Each structure stands twice: as structure tokens, then as C-alpha cells.
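Which chain is which? They are A, B and C, in the order written, and residues in each are numbered from 1.
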Amino acid sequence: MKFNNPITVGDLAKKVNGKVIGNSATLITGLNEIHRVEKGDVTFCDNSKYIKAAINSAASVILINEACEAPKGKSLIVVQKPFQTFSDLSKELRGDYHSTASVDPSAKVGSTTRLFPGVVIGKGVTIGEHCIIHPNVTIYDGCTIGNNVIIHSGTVIGADAFYYQRTPNGYNKLHSSGTVRIDDNVEIGAGCTIDRGVTSETMIGAGTKIDNMVQIGHDTVIGRNCLFASQVGIAGVVTVEDDVILWGQVGVQKDLTIGKGAVVLGQSGLAKSLEGGITYFGSPVREAREKMKELALIKQLPDIIRELRG
Amino acid sequence: MKFNNPITVGDLAKKVNGKVIGNSATLITGLNEIHRVEKGDVTFCDNSKYIKAAINSAASVILINEACEAPKGKSLIVVQKPFQTFSDLSKELRGDYHSTASVDPSAKVGSTTRLFPGVVIGKGVTIGEHCIIHPNVTIYDGCTIGNNVIIHSGTVIGADAFYYQRTPNGYNKLHSSGTVRIDDNVEIGAGCTIDRGVTSETMIGAGTKIDNMVQIGHDTVIGRNCLFASQVGIAGVVTVEDDVILWGQVGVQKDLTIGKGAVVLGQSGLAKSLEGGITYFGSPVREAREKMKELALIKQLPDIIRELRG
Amino acid sequence: MKFNNPITVGDLAKKVNGKVIGNSATLITGLNEIHRVEKGDVTFCDNSKYIKAAINSAASVILINEACEAPKGKSLIVVQKPFQTFSDLSKELRGDYHSTASVDPSAKVGSTTRLFPGVVIGKGVTIGEHCIIHPNVTIYDGCTIGNNVIIHSGTVIGADAFYYQRTPNGYNKLHSSGTVRIDDNVEIGAGCTIDRGVTSETMIGAGTKIDNMVQIGHDTVIGRNCLFASQVGIAGVVTVEDDVILWGQVGVQKDLTIGKGAVVLGQSGLAKSLEGGITYFGSPVREAREKMKELALIKQLPDIIRELRG
């Protein structure tokens, strides 16, 4: 991202209450995250593990939280929270959102919440303050959204439970009268689907962050500060405790519980409940360490069989 | 789901033509499915396997199809079809759908079918009676939808086939002039994509139920009364016979046939056609029993190798 | 697809500059791709591998690029490029797209580009000429689309990066100010999500074709003429070089590079960068040949163990 009006290191430091180490006159022409940084850009470093990468990058200026010697040709701006300072600059650059909103008359929507075009909100929906509901989101009747919630385009909140009774004449639908409740500070990516409870609530706990195309089934209860990467699928009536991380394309069968702080690596498949605080991998899932040993052993099998055959 | 106006067991029994066992004066304050039931709620039990769970639950009242002694503190209402009675109550509680409909003038839509806001329907589309097309659904030109079909938000029916010819200058698109035909009593979840045939029809047979985010490729023909869980992906020109069940995240390659009544467990991957009436698992898929043996053997390998090394 | 007005083989040959072998008077009543062809239809064959299938099919007429003897009861029309001729006929049959367009006043959109109903286009978006943006597509602020780009319904271009900092009080969002750039001749299926760069660009190279429900993360750079099948998920900051093919449900972790011309089979999972020009399979991925050997060995294990136990 390039600035419309480049700014000197000295002026930026003043703006963000930082201390300059190096040349205050250097002109900053843009900002970029470490993987994409170019000459003239400011980037940030908030972890001593990455200082070397930041210093060796093309960045001209680094927002950093530890005073150290400025490397040749680079300036540092020391601030308390480099990530936050960088994020605030990025937000400022992005500029304001649309003001065109299509508000459904039947919904109770906080006065500071922004609804984008194409958003459809059902009867009796409640949405709190400071939310951003992006274009073409659908929120079905009766769902409740807290404060500071962001929902990206195309996401569907509150579609019917996938719940049928098999009869000799085919499947018989159980009509859903439950709802969805999304607590404060949740962010939901684009193209997600979060089904309503059959008769109870599907819930997403405060602070949980959900990437694009994540499916969450009926009556599932997600704890606080969970992180779900793209294309995760969680069936109905699952309990996910706080601080759980599910990486991309993980699948979770119905009726399970995932314990607090569990981490599940990408493409894993869960058919059993998982204890908290442990990292898992595989389909079916095992403790990641066990699974890695298993994979290593399988690779060695041809040699082992040769050895055993003598 | 709580009732706006609580009702006594006796009054509910009259309403649903049921027989009370226990206290007719008990006040019912809501209804809930067995996994989420609370004190004051009515729940249902239509399978003798679950009677114990229902009786041990927090439910105050149980809709049941076998007369038995009412457990202490609970009332029973005996009805012929507890699932249906419960589902009807749930539907009644949910209330009416929106009346705001945005009908495209070029489409032939049954007079009893409801189209929600944001629905876009192409030229020459035909939709039967008693369908519900939820917000922000897109139906491309020429598709045909039967009667009693429900399509949830964000779903796209009839996008182009993914079909290209590789040339020295890149990929050359085969333009699709085929369509999609969806038969009676089908339900399609939110965020699904069902592509049109190249020049023929993609078909979904009567009574088939499809969960959220399911992909069905061009010219694929799905039988009657199939059940596809969330995030299933089926490529083009696949034939799925009647009564097939595919669990979450199953992937099916192009040109295959899945025989009548086959069941494929979650995250399985199909590169070959499957015989009907059998349960499968794995990627690549095997008969589930064989796959389970294989997984058990792999777990025992370290011990077996130790034993063989002597 | 059936013709409204059937046409004789002789008249079709004139129309497409082809030479008839067989009966010029045969009436053609429709066209269909080889897998779905019916009596009366014209189909095409552009690969000598498939001549036998075409001849044994129900087709009455075959567009073909090699003169050969017409099989009994069939006519051939010899043309230089049967695929292209067939595709042109299919496009003509499909007819014109809608003329109802909902153009957002703030966007710069090429005069020959068609925007369908329900499309929402953000501030400062640029779209080139001859694009087709299907219903209910969302393009966020600042994204750039080239010429001859097709985007199918429900797709979301430019939602925020999934990028957070973990703090003792939960996750802290890094605001994205980057964009998405899509080059000429790209086609993107229905229900895809392509996130904006954090501060740089997410890029899709010219000629790349993307199927339905594909996820592409922030700052990922895709080369030219790649082919991604349905439900592929690519995380952030990935580099995919030219001519890469990813089959259905493949998952790619962040920060990786996939070399030019690599092919990755369905449901594979990438946790490491891949060299170009090679075919891969498995989760975690291996060279496909190695993986196939591994799978064969696992199937033989019970026999091998029996043999070793003596």
C-alpha cells in the first residue's frame, strides 16, 4: 500500500508517539507487512524472533518495541506496541467504509452499526453497536449479534438445521425454531454458514475469529477467543471450549467436545472428543507427536521390511 | 425456544391429539431437542433406544409413541408420531416467513412459492409450487425447480461448467448451454453451488437433502432420497444412485458412479466407482471395515516390528 | 440441449465451414457433450483417443478433425477445431445474458462489461472490458479486475485478511489496506473467496481458471494459466507459479511456494513448498508415485507380517 502523501520518519514518529533511531529525514512512501515489504516502506516487528528478518528486508523504516542500533540505510521508530501502531496506520489508509446502507425495517440495529448493500436481515434480528455487516450477508429471523462484530460478504447466519428423520417415504424435515447468538468482538469471514439451533441456540463466544467458508452446524456452542481457519467444518451439537485453534479444512463430527486450548492441524478429522491443551493431527486425528512418528515409520517401512527379511 | 404463552400439558395434549400420562396441569414453557432441553421444556422421543436419555434429561414433558409409566416429576404425552408432532410445534413457533419478495418478471414462479429479498432468477427459469427460496440465492438462466423445494441463502444454481481445453495459449472455455433440474421435495443448504450441464442437465432427484457448502459439478445426476453433509464436493459427470449418504467433506472425482444405498464416511476421497449397499472410509476410499483394520494395524506396527526384531 | 429449430447436417456444415462425410440430409435436433449425448444430437471429438467412444455413442453427428469413414447411421462433419466449433454452437444456443445491470456509481467499469443484479462493487474498484460479473458477487473497495474476466455468483473479492495478533485479552485484528488484482482472461467460479492483501496485493495471473468454492488467502500470488478445482483452499502469502494444477479439496498452508507446472491430486495437504513439474498426492503430500507405492505396501502389510512371522 502506497501513501498518497509520503511522510518523513520524523513526522511519522511524532504522529505515533515514537522515538527515532537513525535518519529522521528519510521519506516513507508506503507501508507493507514483512512478507511483501518494498524500499521506501515502513514495516513492523513486535517479536525479537523476527528482528533479523525485518532488518534484512527491503523496508526503509521499522516500527519496533526494543531500542537497538539502526542497521545501515534503515531507520527505526521505537513504539510500545508496533503491531497496533502499524494496524492503526493501515486502517487509516484504507479510509472510510460506504455510507450506502439497506436497513430492513423489522430489525433492531445499533445506530453505529454499518449495513452494506445487499444485506438481508430477517424478522426480530438484534444487532448491537459498532458492527460491520458487509454486502450480501443474510441474517435469518430471530438471530442476535453482539457489539463490535464484523461479518464478511456472502455469509449466512441462521439457516435451518440439517436434521431429518428417515421414513419409508424419504426424509422428514425437523423444522428449526431455534436461533443463533454471536457475542461481542467476533469476526466472521466471507462465505461462512452458521446454522440456527433446532430449538435452542447456536452460539459463538466473544472474541472468536473465523476465516472464510467455515461451516458451523445447529446447536453447536463455540467458546471465547477461538480461531478457525478457512474451510473448517463443524457438525451440529458440538461443544468447542475457549481458546481452541482449528487449522484449515479440519472436520468435526457431531456431538463431540473439544477441550480448552486444543490445537488441531490442517485437514484433520475428528470422530472423538479431544482433551484440551494438546496438539492433534490426522484423519482420524491422533496426538500430533504420535501421528508424526506414525508417518515417519511408514516412510521407513520398505527399509524395515528389507532388514527383517534378512 | 421458549413459548410466548406457556401452555399446560393437558392443553398441549388436546392440541396434538395425544394422551397424557402424569400431571396434566404441568406448565410447559418451551420446547427443545434432547441435547439442549431445559426444565419446563417439552422434548420428543421416537426411538426406544433413546427413552432412557429422554427420561434422564431435564425435560418436564416428553412426546412419546409408547405408553409407559411417567417417571417422577415428568409428564408424557403419547402421540403416534412424536417427531412430526414436535416438528409441527417447532414450525408454528418459528412463525411466518417474510412477505417481501423480489420476483424477477421473466421467471415462471408458482403462486405459492416464496422468494426472499436479494434472490436473483435468470431468464426462462421455472419454479414449482410451495418452494422457499431464501435471501441472496442466485438461479441462472433456464434452470427448473420442482415443488416443495427449499433453497437456503447464498446458494448458486446453474453456474457454468468448469470445463476447459488446454491450448498452447492457455485454457479455452467450453461454453455451457445445459441447465440444472431439481426435483420435488429437495432441500439445499446455504452457500451451495450446483453447476449447469455443459449441454445436458445436472439433476437432483426427488427428496434428496443437501447440507451447506456442497459443490455439485456439471452433468452430475443425483438420485432420490440422498443425504449429503456439509462441504461435500462432487465433480462433473458423476452418477449417484438413490439413497446414498455422503458425510462431511467427502470428495468425489469426475465420471464415477456411486451405487444405491452406499454410505461414505467423512473426509473420504473417491477415485473409483463404488458398489451400492456398503459403507466406505478413507482417502483413497476402502470398505470401512477394511480401512478400520488397516488403521488398527498401523497403530500396532511399532510393537509388531519390535516383536519381529526379536 | 435441444435446438428450437432442428438443422440438417448439410446446413450445419455450411455454417461452420466443415466438410460432410455421410448423409447431409440427417436432421440434427440438439447438441450434447459425449457423456450425455442422445440420438439426433451432434457431439464433438478432438482427440483420436476418443474417436471410438464418439462412434459408439448415441450421437447422430460428430464434429471431428480427421477425415475417416462415417460409421453406419452416423454423419461426420470435418472441421479444423471441433472443440471450438462445438463451444461456439453451445454459446449461441445459450443466448444473451440479462441486460438488467446494477452499476455502483463509484466504480470504473468498462462499457462492455456486464454487471448482473445483486452485484455490489466498492469504492475505487476498477473493472476492464468484456467482463461478466454474475449476480450477488461482492467486490470490496479498491480491487482491480482486468479484461475478459468472468466471476460467478456469490463470489467475494477483497474481504479482509485473516490476520490477528494474540494478546492476553484475545485477538487483535491487523486492519487490511491492501487490495486484490485479477488479470485478464481469469474465470472464477461461484462461491469463491479471495482475500485482499494486508498492505500489498493478492494477485491472480492472466488465464488462470478457478472452480467453485475456492479460498485464496491474503497476499497470495497466483501465476498464469493455473487450474484450481472446487474447494481448494490456499492460505495467505503463498506463491503459486504458472501452469500449476490443484485438484479438488487440496489445502495449502501459508508462506509456501508451488513450482511451475506442479500437479497436486485431490485432497492433498501441503505443509512444505513443492518443486515444479512433478505430480503429488497425500496429506501430508509426497510425490504421487512414492505415495502410491506407500499405499500399496500398506495394503500388503497383513501378508508381509504373516510371512515374516513364519
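Rule of thumb we're sticking to: a contact is a pair of C-beta atoms (placed from the backbone, for glycine too) under 8 Å apart; a residue touches a chain by one contact, two chains touch by 3 or more.
Keep in mind it's a predicted model, so treat the numbers as computed, not measured.
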item	value
Interface numbering overlap (same over half, different under half) for subunit A and subunit C	different
Copies subunit B and subunit C - rotation angle from C-alpha fit, nearest 5 degrees	120
Computed distance of Cα centres, subunit C from subunit A, in Å	27
Where subunit A touches two or more other chains, by residue	118, 136, 154, 191, 213, 231, 249, 267, 283, 298, 301, 308
Of subunit C, residues touching subunit A in the complex	118, 120, 122-123, 136, 138, 140-141, 154-156, 159-160, 162, 164-165, 170-178, 191-193, 195, 197-200, 213, 215, 217, 219, 231, 233, 235, 237, 249, 251, 253, 255, 267, 269, 271, 283-284, 293-294, 297-298, 301, 304, 308
Complex contacts: residues of subunit C adjacent to subunit B	1, 30-33, 35-36, 46, 83-84, 86-88, 90-91, 93-95, 97-98, 116-118, 134-136, 150, 152-154, 185, 187, 189-191, 206-207, 209, 211-213, 224-225, 227, 229-231, 247-249, 266-267, 283, 295, 298-299, 301-302, 305, 308-309
